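Next come two complexes, and both contain chain A; in the first it sits with chain B, in the second with chain C.
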Partner chain A sequence: MTAATTPYRTSQRSVSDSFARLVHAEWTKFRTLRGWVLAVIAAVVLIDVFGLLVVNSGGIQCSQGSGAACLPSVPTGPGGEAVNDSFYFVRQPLPGAGSLTVQVTSLTGMISAQTGGFIGQHGPAGLTTGLVPWAKAGIIIAASTRQGSAYAAMMVTGSHGVRMQYDYTSDIAGLPGAVSAAAPAWLRLVRSGDTITGYDSASGSRWTQIGVAHLPGLTGTVQAGLFAASPLEFTPNFPSYGESGGSLTGSLATGVFDHVRLQGGVTGGWTGQNIGRGGAGYDGPLIGYRQAGGKLTVTGSGDIGPVVSGSANTSYDTVTIADHLLGVFIGLVILVVIAAMFITVEYRRGLIRTTLAASPRRGRLLAAKAVIVGLVTFAAGSVAAAIAVIVGKVVSRGGGAYVLPVGALTEVRVILGVGALLAVTAVLALSIGTVLRRSVVTVAAVIIALVLPYILGVAGILPAAAAQWVLRITPAAAFAIEQSVPQYHQVIGQYGPPDYFPLAPWAGFAVLCGYAAASLALAAWLLRRRDV
Partner chain B sequence: MNLTTTTGSTLPRSAGPAAAAQATGLPDALRAEWTKLRTLPGTGWILATLGALTIAVGAGTDSATRCATAVSCTLDTTKVSLTGIEAGQAVVAVLAVLIITGEYSTGMIAATFTAMPRRWVVLAAKAAVLTGMVLAASTVAVAGSLTAGRIILAANGLIPAHGFALVSVSHGPTVRAAVGSVLYLALVGLFSLGVATIVRDSAAATGAVLGLLYVAPIVALFLGSNPVWQHRLERYSPVNAGLAIQNTIGLQHQPIGPWGGIGVLAVWASAALLIAGLQLRLRDA
Partner chain C sequence: MEATIEVAGLRKRFGSALALDGMTFTVQPGQVTGFVGPNGAGKTTTMRVILGLDAPDAGRALIGGQSYPKLRRPLSQIGALLDAAAVQPGRTARNHLLWLAHSQGMSRRRVDQVLEQAGLASVARRKAGGYSLGMRQRLGIAAAMLGDPPVLMLDEPFNGMDPEGIVWMRGFLRSLAAEGRAVLVSSHLMSELQDTADHLVVAGRGKVIADAAVADLIAAASGDTVLLRTSGRVEAMTALTHAGATVAATGKDTLTISGLAAGQVVTLLNQAGIGFSEVAAHRASLEQAYMDLTRDAVEFRAQPAQEGTVR
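Coming up: the complex of A and B.
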């Protein structure tokens, strides 16, 4: 077809066939339809209006007033993440290298007898015996007594055995099982410069290294000692995947330590301090420490660990930047309609005959359309998401909710991720539109593929396990790109949309890309194979 | 094809203008619309998809649902069996949108209105034919879903011995949920027909209808920071209110009662059809 042409015609064809020309032609088709341009602008506006309207528009009430007056001062860890750092600390200064060894013979606890009890109250009433799963007592070496300072700790926990934890987010498992006088656990931390090594032992003679923590903030004199903490217990309102809210109950934990030996210390005497006053938990007379017969008994409340979204381990309201992106669903519906029409209108009006006559290489035509529809939706989505995230943070804070801090790179990933999510969805709609040639079925199919699984997954209709599978294998997995904070197995929370997804951000996005690539390939094949 | 049918049936009487006006009554319009819809190649497929998708999503949810006892989790077995309606409503919307926008995109609408100048009669006929088809297909879909629910949920141990009601037609609330779900799909169809008549463009109409049906529940779900608006959306958005008819337990804890909820959806559908009828009268075809 191209071989039997004169030089003159060849030169002309090479100009009209060039991909840039094709893209330009498609761009002209797109931009000269005023309705489409207005619809894209409407999508951006609606993404932002809905995203910002739904965030804390009610305003938070507290004893200091309402709205921004209720914003708590939340410590941040060495990694910049929001942390809980409240525990009872029995400490001595440690000026240089040294080690701390203890035997833990018991870990017991108390929980408020009433669900939702002693949050913000500090009386001794209404306690019942019980140990929350991540109650913890053990030894810790911290840069200072300031909340959010660098640390490494070895501990026994309520139901997760011995753990080594450091700098709030890291957690390594040690010996399993609960401690008792008959089966005590030995813990040891060794400091050398800014490196702390954790060991555990069942016998006190044979030691197992659990982990090594390099803590850049740990210079000069640090604080070494014993600690106890017990996090708030979270009871969800109803079991589902996704945030449904819940109630928090305060708790406390008591650890009994024997054979306490600090090498490298200078004072030889212990000082007790209630760091963070138990956080939102218990701050009554049971908190403190006792020294008798060579044993130290430490009782504390609170937690040392990262804050998670959904107010599952804080008494204040937490949101993530993803909470401002609810309007993306509305934008998605509008952009899917436009992307589908970009090809189905050509079929309906018969323009496709002219288009294909002008550019007989049909695969390249589809590619040009995909480039235009992808770029337009990527730009619109990114702009809308940038406004929603940046303005949303201000609106949320004004309403009194604490926005979990994330790095600049994460924020950029979320913003461009929304653009990419909408762009790939638009390409999916374009491809399915090319395959079906009917706009109604195309629009319905894409919306069902992206939005219905999300509803089924998070509305409490499906049980949590099935909901997670739905959000792994359907195109709705792509909403994972909106995640800004990680899940932590060592913190009990309500890990579900819109803040948490079963797949990592890029893995979820890749699922949608897979569907889009497959449908684009099918569309290109069908477009080439069949008659107009 | 619409022209043929209409003129065919009225030919002996269409001598003068008065006779022509008489000939465009509702029965003729109904026959015309029935012929149009019946002879489209897609209609059969769409109705089959409605049944298959509803039953498949329902059965999938049934088989994923597990719960030891009614104490550890409250489960409405009837509502679980009818989960597929969430997917089936999109198919109903597609059919409803196609009925009217198909005419606009092909230009057929001009011929239809020439043959039947009383436009609200055309809309009423389309609504009646659509409702009939949706009622028939969704009865099959709901019966299939409940049957699947009875078998699969019981096999998963959700039985009276563990505190769960068996899905059964001798159970009053289950009958209400079943009849209500059929009604729900019919009302979704009428609502979609109204919106599509207002919007006229097929892709935009599909987006508008499905956006209202699917995005409102998501917004309601994550509006925890604003309980007042959350409650309003749960009571008055078409899907949240309409699907309240599926509740068989814990009715006093729901934002809206079963019949009140389906009533809200009926108001949405009537309003959409009313505006559509006015639009048809006032604007050029």
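Coming up: the complex of A and C.
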């Protein structure tokens, strides 16, 4: 035998980029295992089945019947959000520029004598003296008397001092402390076109500007006057984090106004009107106003502000689009298993050697795997979330629950956010799988880091402070991406998952990204230096 | 690129075990090089180092003058079969080759070519989990051939093959070498390589203990004997012993002579005028040569071993 003189030349040539080839190869690996493809489809189905059927299993019962018949008619504010807009309004038209100034000498209130009782059910006999923290009385300039109109108001509150609030969601603090005859608060609103400026004063002579509201809708003749409102008081069933349900108590607030001066008014006489009567709280004989000795006394019930989820400040049931995403964590568990196995089965079968022989640049191989698990889970999560959100709204309304409206961009953020949440979680699982090289421990690690904290938060098992910290510092913080409606400090509610999270949506998502990036870096480092 | 594998001074320690202790050899193109040695000799570790899977503590391994991680499309430069069992059971053979092909930017058509070449075309759409070990070996060969590489490296490819498969494998390896490729085949059974390998690298205890052409190894083995059938048994014994041979009487009229070639025996007998009816040279088998070489290098032995070298 003699050696050949001409060396053998391969017949195989390629022009494509090496990273694109790797991604293509990993995609082929994924799609040629039927079990993996079916598992991803199963994840999508489970996310939707759990989110739609289990969560909305029972229809709502009400005096009109059940299900869709119970669906309330809810006003929406200028920003499109659902609002409470029920209060007693003592008003005059204001055709153009002008200002309204009052001195508030008293704010008192009444609550139901029976704990957990609904004030409307008991009448005056069931009342006792009491003032809820966000009871409010003051002056308001509103575009019209229609619920959901644009407005700006200066007010004194039960325990949060003087506030300027406008268009339902904005709230600015003014003078602190409660008012009394000895320590009255002066309030002033100045209108110029669609701009309203709020001032307060302790003396009536030295004024402090609190805020400026530009209210596009506020043109022509508007309504200016005095108001009083007192929101439903929510008492949760358990002092835990998350939605445990609770009871609502109606309340009344009475404000006493002196030195009422409207500049720019035309009629000179006041008209009283119970806006949104019965919409929230008490609707009985105590509501109304009295004018005596230059003083105006106004009594009202209800609230002017945003509706929050968990039915914490409404007499009807509310849900958010995030309530239809409770199945996400189930799909997530399945996708975590797939993503972990995408690398761990290669170790178990010894296939990793074939893979690394075909692709000796190991960092790029890990990146290609991350691209594939990321894209597959992003697509699966986005599709599942889109179905859950779109179909969920129909299902919830059919059951009689009011779905808090959100903007299209928010909806898109929630849907794609679920896709991104699953994708980054999958990359985290892939990375941990690369580090640990065992399916079971990898899946256990990810579930302990991500799913368990979420379930603890949603189930309301932990004390509120602990649950909040868990949802801030663990990868489960990323579930904040599902939050569709904001939390308001000026509205008492049951702010917990699945509707509310301690971190803002993108901040929570960034926490998960941090964990994923760190574990991916560790995985790449170990993969490069370890023998296989 | 030159179709060679060069391994120089590889050292590798796993914990307290020294797996490679200066492994050095070169695989030339155009021939089948057998890589033999007892279990634990370092064959598989050497192959892993060649493929860049294990990092050596010292030394280097080059394919056509380049280290493995530097190869741009490695499967077109060296095809390897390390572990035939390393497949995903739920994936079909064809899809297993398909992802490998995609990783190198190669097409579906090439996959079908190598399936045909490995004799798997009819079962290509079956799940690899249902394959026998012999079929998996063929699948491993197909994978190694995917890039049509000038260098092939196969670890124990005969394992689990039926006799027909072994015959096929031998012919296949010979044809690859005939095309000018360098072929390195490991085995712990020398008999498998008897009629296949042109050259042998014998490993023991992490280093090379013999590196020679198969013909030279056999010639150097201690087992060469000459069988003599003669009626003058006593005279023959005297004459041959006098000439330096070791002679043993193995029957009424037969002698077994070692230390002299058959031609020398005939010359001596003719000079002494001793008649004989048969002289037969009994060649040592490759197996015997191998056993001689590795007797001292077998890892698990009671008595302290000495280094055996035939160079």
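Here is the rule we go by: the second predicted complex is superposed on the first by the 502 of 532 C-alpha atoms of A that agree within 3 Å, B and C clash if a C-alpha of one lies under 4 Å from a C-alpha of the other, contacts with A are read in each partner's own complex, and residues count from 1 in each chain.
We take it that a contact is a pair of C-beta atoms (placed from the backbone, for glycine too) under 8 Å apart; a residue touches a chain by one contact, two chains touch by 3 or more.
Small disclaimer: the values here were computed from a predicted structure and weren't measured.
*Asks:* Answer with first, second, both or neither: which of chain B and chain C does A:Arg21 touch in the superposed model?
*Replies:* Touch status of A:Arg21: second partner only.
*Asks:* Is A:Val394 touching the first partner chain B, the second partner chain C, both, or neither of them?
*Replies:* It touches nothing on chain B or chain C.
*Asks:* Looking at A:Ala518, would you say it contacts chain B, chain C, both, or neither? Reply first, second, both or neither.
*Replies:* In the superposed model, A:Ala518 contacts neither chain B nor chain C.
*Asks:* Contact-wise, after the overlay, does A:Thr354 reach chain B, chain C, both or neither (first, second, both, neither)?
*Replies:* A:Thr354: touches chain C, not chain B.
*Asks:* Using the touch definition from the top, say if A:Val266 reaches chain B (first), chain C (second), both or neither.
*Replies:* In the superposed model, A:Val266 contacts neither chain B nor chain C.
*Asks:* When the two structures are overlaid on chain A, which partner does A:Asp531 contact: first (chain B), second (chain C), both, or neither?
*Replies:* second
*Asks:* Where on chain A do the contacts with chain B and the contacts with chain C coincide?
*Replies:* On chain A, the chain B and chain C contacts do not overlap at all.
*Asks:* Inside the complex, what are the residues of chain A that reach chain B?
*Replies:* Per the stated touch rule, the residues are 50, 54-58, 238-239, 242-245, 317, 319, 323, 326, 329-330, 333-334, 336-337, 340-341, 344, 348, 399, 401, 439-444, 447-448, 451-452, 454-456, 458-459, 461-463, 465-466, 498.
*Asks:* Within their complex, state which residues of chain B touch chain A.
*Replies:* Checking each residue of chain B against chain A gives 57, 61, 64-67, 73-74, 80, 83, 86-87, 90-91, 93-94, 97-98, 101, 105, 202-207, 210-211, 214-215, 217-219, 221-229.
*Asks:* Which stretch or stretches of chain A touch chain C in the complex?
*Replies:* On the chain A side, the touching residues are 1-4, 6-16, 18, 21-22, 24-29, 32-35, 345, 349-351, 353-361, 529, 531-532.
*Asks:* Can you list the chain C residues touching chain A in their complex?
*Replies:* Those residues of chain C that touch chain A are 1-3, 28-31, 48, 51-55, 68-69, 71-77, 80, 82-83, 85-92, 95, 98-100, 102-106, 110, 143, 146-150, 177-181, 198.
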